[in-house]
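The following blocks contain the structures, represented as structure tokens.
Shared chain: chain A. Partners: chain B in the first complex, chain C in the second.
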Partner chain A sequence: MRHTITVLVENKFGVLARISSLFSARGFNIESLSVGETIDPTISRMTLVTSGDDQIIEQVIKQLRRLIDVIKVSDLSDMEYVEREMVLLKVSADSQNRAEILRICDIFRGKIIDVSPKTLTLEVTGVQDKISAMIGLLKPMGIIEIARTGKVAMSRAKK
Partner chain B sequence: MKKSGAKIFVDTLIEHGVDTIFGFPGGAVLPIYDQLYQSPVRHILTRHEQGAIHAADGYARVTGKAGICIATSGPGATNLVTGLANAFMDSVPLIAFSGQVPTSMIGNDSFQEADIYGITIPVTKYNYLVKDVNNLRRVLDEAFHIARTGRPGPVLIDIPKDVQIKETEFWEGKEIDLPPNHRADDLDIQKQIKRAAEAIRNAKRPVLYVGGGAIISGASEPLKKLAEKASIPVTTTLMGKGSFPETHPLSLGMLGMHGTKYANYAVTEADLLIAIGARFDDRVTGDIKRFAPNAGIIHIDIDPAEISKIIKVDIPMVGDANDILSALCKMLESKRHPEWLDKIAEWKRDYPLSYDKSGNEIKPQYVVEKIYEVTKGDAIIATEVGQNQMWAAQYYLLDRPRSFVSSGGLGTMGFGFPASIGAKVGCPDRVVFDIAGDGSFQMTIQELATAVQDGINVKIAILNNGYLGMVRQWQEIFFGRRYSSTCLGKSPDFVAIAKGYGAEGIRVTKPEDVEPAIKQALQTDKPVVIDFCVSPEENVFPMVPPGEAIDKMLDQGSGK
Partner chain C sequence: MRHTITVLVENKFGVLARISSLFSARGFNIESLSVGETIDPTISRMTLVTSGDDQIIEQVIKQLRRLIDVIKVSDLSDMEYVEREMVLLKVSADSQNRAEILRICDIFRGKIIDVSPKTLTLEVTGVQDKISAMIGLLKPMGIIEIARTGKVAMSRAKK
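Right, the complex of A and B next:
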């Protein structure tokens, strides 16, 4: 099963290398990883998506907790959470499909952020399924370049 | 007052109680070596950085203190890597220092530059590259804390040359600010202890499975109390050897691939397995699905990640073995298991460790038995890797902890001899024997020079079979006796080599000369190499074939 795990880490040199070294040394897979500073600049937050059976996920979490620079690990899959990913897409656009691309962009509440005679560049944010669905629709038009941020996520506030 | 990085280095080590370091100098550590020149710290010059780190490792295993070693940048630092991996696998507290090119030159492919920080991330508990002399003191204090607390392990500190030279006022120690070194999961330990006591009360066929963690924790006393009070037989891993007296009637010796039959049978039949500081290594469990198939499992370990890593645990207890066992003991009443102990006595009688004593060759097992007798079981035993290691484990019974120095997790040939040097430095009043293989010994044989120069009187007993014996054994049993590259050919003259280095050398070719040679070695006030020319194709039995259940052991005569 796929799990979304957030990790608070010391924001210092080498931490990313330690995390990726852990995943490769233990044969865990990382589907996506995104990192950014928190309000406290000495602490970074990572969101990583991994998959495996319960025993593997338990090990992923425990092994992450063993690292000296790791402050807190939470498996969001155990709780309600919100997630987003952003993607930039450069699509080839001619007079025939330009309208269609704009329509798809609109449906997915994307934005056109760059235009050239032969391309349109879209920015879309959403849950991963939505982004994948949109990429599926745009593929036949010819996607020239794609950049995905990887997922970021956090637990929902208690109501 | 200002101090240079090198001075801070030496002063901080002394403050932390360091009296000995093992190392090998070079350009990038010249400022540190210059400080060592005038310091009270003993520096032991090995002949290879691998020798230095294994010596520091051996020192740490027998004393429980952090072992310290130092190397220069580039090739010096990369020579430490095997030793770091070795200490990491066996949870040994160690601090390794490497010199580095000056900070301004890092990343330029400078002379003798290697990214030792990056290289050693996967084989250290933690590591540092100190880029600012103002941080040096804090890093040193943290390193001692990290190496020694929780589950111990090696720490590497890479110090660029300019950081060793620069001066700062910030050299005084402060409280270190680190997250707790081990975090218990959200288990209420008191509740778990109650559950464990209940399980022990109800068990009919309990077995204690004790590992290296019991030695690290110093848990021998509560362990013995628990075993005796609740009448539970004890088997140890290779790493747990000596945590429970092996001459005790409740001792089953070692379990696993080359463990005793009675230990493996007992674990297989047990209805309760109490694992203490042991990590269910594959050399121990064999086929995991058939390991302790009838048993509930209690697991005491300081590292939460070890719990249910390999096998699902019924009663996990995260914490220090000594603390938990002491608390557990108090909860228990005396209990007897006459039927279970009778069964075990029967297995011990029917399936003792044994070897073929016919013929007039020297049997390697016989050599170990004689070393045991002559040293009255009181020596520190270092081993190399292979058959020699297994025979040492099987035939040298140890009654006290921190006396068996062996590379368990990594299985590093060449570890034993330098580790025995470190062990002797740590425990100068004890007899230290390295039970060696002819193959392994040649991987770090150059350390004879170190032992001679520093008057470190270790005794090396080579079980010289002319083969990379353990690998040959596998070729014999599983590859139809095709001895591909395991024959070592004509043996080098180990006696001449020993003498060439200024040590003593004795060659033994007849069984009746074994005991006198050991006695002579002990009476000689020098490092001594005894070259025991043993049966070349002797095998280690019992043996669990890889992937088999541990009660399916091969024995003498099988497989040939």
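Right, the complex of A and C next:
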């Protein structure tokens, strides 16, 4: 099963290496990872996505909790959560397909963040399916470069 | 100096651990990191931000290039680039400050992605200064949770 895990850690060097080693030692690939500061600059928050046997992931989470710089670990797969990803896409754009790219960008509520005579660079956010759908539509135009942030996620507030 | 580095890597387990170990062995903290798939699902793209002595970072980049699963390393600090970050913010919202939060969200072209009687969850994208400014404005309302993707960046197209 695919798991989305958030980890609060002390913002110190070496923490990321220890956490990623823990996953690779078990043969787990980290499919996507985002690390950013929180309100407290000494604390960072990671969102990581991995797939594998539920029991082994549970063990990995227990080991994560034992690491000295790890403050909190949550497996969001057990709860309701909101998730988003952002992608930057540099697409070939000539006079023929420029209007079509702008239309696709508009449909997905993207933003144009850079323009050149031969390219357009788009920023789009959404759930991963939406982003994949957009990439699928732009692929025939020629995608020159792509940068995805990886998923960030947060538990839903209780209604 | 602060460096924004993008790395194309084979999407295999252990790659992230090797790369992050390379930085921590030199005493560099990775301030932010984003890893996501590219168009080719066997290849991932990382954007990482680190600060430190230029010469030592140059050495680290050389060592990165020597790693077997590393395809390409670019230090964007040497060129013009576009950068964006996304943040999810869960903010305390009562009848008194709800309108104010919506107004701030609107000014920063954010989106409301979750609502509960006591909270609002916002999604905002932008350069890091813009995101920090928005966080500063929302802080007095009470930020319950924050998840930043870390910066993603891409070289600008030549005009």
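Please note the rule applied: the second predicted complex is superposed on the first by the 159 of 159 C-alpha atoms of A that agree within 3 Å, B and C clash if a C-alpha of one lies under 4 Å from a C-alpha of the other, contacts with A are read in each partner's own complex, and residues count from 1 in each chain.
The rule is simple: contacts are C-beta pairs under 8 Å (C-beta built on N, C-alpha and C of every residue); 3 or more make two chains touch, one makes a residue touch a chain.
Nothing here was measured: the structure is a model prediction, and the numbers come from that model.
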| item | value |
| --- | --- |
| Touching partner for A:Arg156 - first (chain B), second (chain C), both, neither | second |
| Touched partner set for A:Lys62, first chain B, second chain C, both or neither | first |
| Which partner reaches more residues of chain A (counting touched residues only), chain B or chain C | C |
| Partner chain(s) touched by A:Ile71 [first = chain B, second = chain C, both, neither] | first |
| Which superposed partner A:Ile143 touches (first chain B, second chain C, both, neither) | second |
| Which superposed partner A:Arg103 touches (first chain B, second chain C, both, neither) | neither |
| First, second, both or neither for A:Arg2, with chain B first and chain C second | neither |
| Contacts of A:Gly14 with chain B and chain C, given as first, second, both or neither | both |
| Touching both chain C and chain B, counted on chain A across the two superposed complexes | 13-14, 17, 21 |
| Chain A - residues contacting chain B, complex | 13-14, 17-18, 21-22, 25, 55, 58-59, 62-63, 65-66, 68, 71 |
| Residues on chain B engaged by chain A in the complex (per definition of touch) | 117-118, 121-122, 125-126, 129, 146, 178-179, 181, 183, 303-305, 307-309 |
| Parts of chain C lying in touch with chain A, wherever the complex brings them together | 6, 11-14, 16-17, 20-21, 23-24, 27-39, 45, 47, 82, 84-88, 90, 111, 113-119, 121, 123, 125, 135, 139, 143, 145-150, 152-159 |
